[in-house]
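Just so it is clear, A, B, C, D, E and F label the chains in written order, and each chain counts residues from 1 on its own.
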Amino acid sequence: MTNETQPTALDLPMVDPLPEETQRYFDICVEKLGMVPNVLKANAFDIDKLNAFTNMYNDLMLAPSGLSKLEREMVAVVVSSINKCFYCLVAHGAAVRQLSGDPKLGEMLVMNYRVAPLDARQRAMLDFAEKVTKESATVEEADRQNLRDVGLSDRDIWDLANVIGFFNMSNRVASATAMVPNDEYHSQFR
Amino acid sequence: MTNETQPTALDLPMVDPLPEETQRYFDICVEKLGMVPNVLKANAFDIDKLNAFTNMYNDLMLAPSGLSKLEREMVAVVVSSINKCFYCLVAHGAAVRQLSGDPKLGEMLVMNYRVAPLDARQRAMLDFAEKVTKESATVEEADRQNLRDVGLSDRDIWDLANVIGFFNMSNRVASATAMVPNDEYHSQFR
Amino acid sequence: MTNETQPTALDLPMVDPLPEETQRYFDICVEKLGMVPNVLKANAFDIDKLNAFTNMYNDLMLAPSGLSKLEREMVAVVVSSINKCFYCLVAHGAAVRQLSGDPKLGEMLVMNYRVAPLDARQRAMLDFAEKVTKESATVEEADRQNLRDVGLSDRDIWDLANVIGFFNMSNRVASATAMVPNDEYHSQFR
Amino acid sequence: MTNETQPTALDLPMVDPLPEETQRYFDICVEKLGMVPNVLKANAFDIDKLNAFTNMYNDLMLAPSGLSKLEREMVAVVVSSINKCFYCLVAHGAAVRQLSGDPKLGEMLVMNYRVAPLDARQRAMLDFAEKVTKESATVEEADRQNLRDVGLSDRDIWDLANVIGFFNMSNRVASATAMVPNDEYHSQFR
Amino acid sequence: MTNETQPTALDLPMVDPLPEETQRYFDICVEKLGMVPNVLKANAFDIDKLNAFTNMYNDLMLAPSGLSKLEREMVAVVVSSINKCFYCLVAHGAAVRQLSGDPKLGEMLVMNYRVAPLDARQRAMLDFAEKVTKESATVEEADRQNLRDVGLSDRDIWDLANVIGFFNMSNRVASATAMVPNDEYHSQFR
Amino acid sequence: MTNETQPTALDLPMVDPLPEETQRYFDICVEKLGMVPNVLKANAFDIDKLNAFTNMYNDLMLAPSGLSKLEREMVAVVVSSINKCFYCLVAHGAAVRQLSGDPKLGEMLVMNYRVAPLDARQRAMLDFAEKVTKESATVEEADRQNLRDVGLSDRDIWDLANVIGFFNMSNRVASATAMVPNDEYHSQFR
């Protein structure tokens, strides 16, 4: 794999050659997604950092959870919309379009989640995502109870809080480093 | 180790018994810090999540970097002050007091970092932390150049952005779950 | 033309039958755009209001001006992004994609105009759009001079201010009435 | 009519001579109001723009509506107070004093509408005006229902949303161009 | 003097009869101002509080200072405009009209001080008032130096900071208690 | 008493020698508190200002009231936390630790009062303090009624509003002048 486009505004070239395991992981990305997401290339100047990132990402977004993968992607997009993170809106907007099969839903979450037709559970999750993103210091027991009232378990609330937190991290890293989303995302699943 | 106080408002008991490696890690915490930080207990209901958290944390805060450990803790406190995260202010405020040997510095960063007597490099780092925390979407090349102008390398900027991001995640998880800091921190290094 | 979907959350049926001139105008829309934009249907319960709206819209967005049609649409999208107006982001995002032939530019302006590669003139126009949208009371002579410095005439500044103002009106009317964009826009010019 | 004072900071002289119909309209203004409002002079560099403005203004503020002319002026002042638009506060503050015969009411709406003694219907209208002005993206069906609950029809809601929208446009155009209110307004109806 | 109108929403009747010295002070108010300002009546349920208030007020607003009495009133109005305090805008707006002999200046400061034609010294003072009112934690040496650069002494800066502080107190007390300005102010000095 | 450290960034030396009564007051401070608080030294360049300040302070914070001295200090800290005033957080944080005998409570109020275990009355008082500090113009009768519902009399509400107001003044004066808290506070009552 060549590194023709720099994934961020920082001059941090990937380890070259990549360790075998990393190269295998990137090959799988190309096979499954048609590309290596730039966030991975951006981390690949230091394999420990790359691994720490992918381990956390994969646990949060792909491991079994009471929140479906689509729901986790919906949360990712709503958080990224509040933070106006171009990288994450492009990448996870495409994921919502793919997982939902509903391109309009992806657009709604990017632009203003309040216009989306959601059931009570999903609406409560996204309202919580907004509150935790904008004013986490004001969250109180009543907010957690709202989530339990629409069916979330305490484990689900943990997962939800961590997905919200993760994208508040990723959004900031991406914007602070001018991370560029792969071109492939833009036209996918429209 | 007993689990007498619940580390968050969520009912997520630790795996019992802990895997040997985790137990060893917790024993080292007790030996070195006099306690197991509640953020670790909170994650210990699922060892994969605990490991993902500690791997990222240890890489960011303890691995070699152009940013000193004290500087990384200073950033942690300033981010947590903006987000008004009780858990992180208590735990990382103590760390700043310890690493700097300057209890007043810890208080200044908790309360209003602008009153602290800082050199240009540290001030630029904390101003960047504030901007990325409050309005990451407005970060541009000029902001990164400011950091280079006070001596940060591109690698340092990556590390800085990731520490800022990490505490924007942790603050939100802690506040969303009502994570309680260990009592020991409050009186330490005063 | 039938009125199968209600264009807003308000129960305000179109005049039926439409006056001949209005019907002709709608027919031209269908011919040129493949649809009658819902904002027109929404106004068509009162032909005087519809005419007042279309006269102002057409003068602002289509009449000769020092600002190109694309530039006016770019301003429309940036204002709508700040106000998170679903209707206008969908409709005018499509217009930017069409007029620029650059789908990525449309996405950038919807998500965070600061990531778009713009020349100094366009960047100054969009920065002015942001300031006037968010804090118009702080605009002063220096802001107008910035625009003159990148080549805008006083007439161009008038046009720019009015396009910004117009979408601050339209965004609010659309959001206040839950105006629904025509489905056709979503996949156009991707 | 002479053009001794420039109505804005932009150098855009009125068409000279004015078309007959425009001159007649300005003459009526002088006769009825004792002046030609500067917003009209500001638009008079291009008669199409002037006509588009006056048509929309007159339809919104003077045409039959479930909202009284005073109520529409009250909305204008509250929106302009949030946006701190000097031109509109002066001109429409005078209109509220005139139409209500209550100079104190005009002051209250300019300064802080919450101190004004209002019936439930007017209070709901002004609360809606504040919400749509400050955070239109959060308006939902419950907000419209609040208005219906105090007696507004869907047509009234349309009119209200459009008056709110219109002054969010006018405030921005006036502030962006440094539009100066006619001196006559200041001491009127005190 | 009768107490026919309650000066606030709190049921706190004035000491009755007033102590001789207080009654004399109120009589002087009536003689000089044509009324006893309601803020004095509001405090008169406890003569110690009334005296503490009037001593501080008179020292700040009337004692010799490098800031003229008009300048102190201008600061009072700008702070009150930011805080949208009806009582203080009415009372001190009248004072600006009186002391300046320029009713339009009073209106400008109530509505948006940026439109007022001010010299550099007064503009710097009002910009400082805005910053200290809105975000006092960000004031730094450069802000004080700006004031020195337009001619303020350190003593003047102290006086300025205290006038700004005082109205941030009074605005909040007045709004928190629904303090009502005397009717006489509204039409004065127009 | 010597004046070795300047209490603010302004060059305003204390009257020298101090009037006898002032010197006596400062001697009592040293005897009781182990220091003369810097806010007193800062005012001592003008004895009238010093007296106006201490009279108001002592009446508000020490005179009999339905609010306990601890409650008044709690309000002081919450207001100062919102305004991020280093001087007042240090000085009044120490006072809360002293009066409550609960160092953790002091930290909670400095960092985020919502995490503190409070009874309904104290919580209502602190919520009111937050609202009056952040958006006093929106306070209405319902807010006062909330306070009455948890047992506050109208006199208590007056006292509460004035303590809130006072620290909104003091915070701004301290931050605007870079007032430095006495070192003694930092380690007290930990």
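Going forward, contacts are C-beta pairs under 8 Å (C-beta built on N, C-alpha and C of every residue); 3 or more make two chains touch, one makes a residue touch a chain.
This one's a predicted model, so the numbers in the text were calculated from it and none came from an experiment.
Asks: By mean C-alpha position, what chain is farthest away from subunit A?
Replies: For subunit A, the chain whose C-alpha mean is farthest off is E.
Asks: Compare the CA centroid of subunit D with every other chain's and tell me the farthest one.
Replies: B
Asks: For subunit C and subunit E, let me know how many angstrom lie between their CA-based centres, rounded off.
Replies: Between these chains, centre-to-centre, one finds 44 Å.
Asks: Just how far, in Å, is the C-alpha centre of subunit E from the one of subunit D?
Replies: Here the centre of subunit E sits 30 Å away from the centre of subunit D.
Asks: I'd like the Å distance between the centres of subunit B and subunit D, where a centre is the mean of that chain's Cα atoms.
Replies: 51
Asks: Hunt down the residues of subunit D that sit against at least two other chains at once, touch-wise.
Replies: 84-85, 112, 137, 140, 175, 178
Asks: Dump the list of chain pairs that touch, please.
Replies: By the stated definition, chains touch in these pairs: A-B, A-C, A-D, A-F, B-C, B-E, B-F, C-D, C-E, D-E, D-F, E-F.
Asks: Per the contact definition, I'd like the list of subunit A residues that touch subunit F in the complex.
Replies: These residues of subunit A touch subunit F: 137-138, 140.
Asks: Within the complex, which stretch of subunit A touches subunit C?
Replies: 81, 84-86, 89-90, 103-104, 107-108, 110-112, 115, 175, 178, 183, 186-187, 190
Asks: Using the touch definition up top, name the residues of subunit A that touch subunit B in the complex.
Replies: Contacts found on subunit A: 9-12, 45, 48-49, 51-53, 55-56, 59-60, 63, 83-85, 128, 132-133, 136-137, 139-141, 143-144, 154-155, 157-158, 161-162, 164-166, 168-173, 175-178.
Asks: In their shared complex, at which residues does subunit B touch subunit E?
Replies: The contact residues of subunit B facing subunit E are 112, 114.
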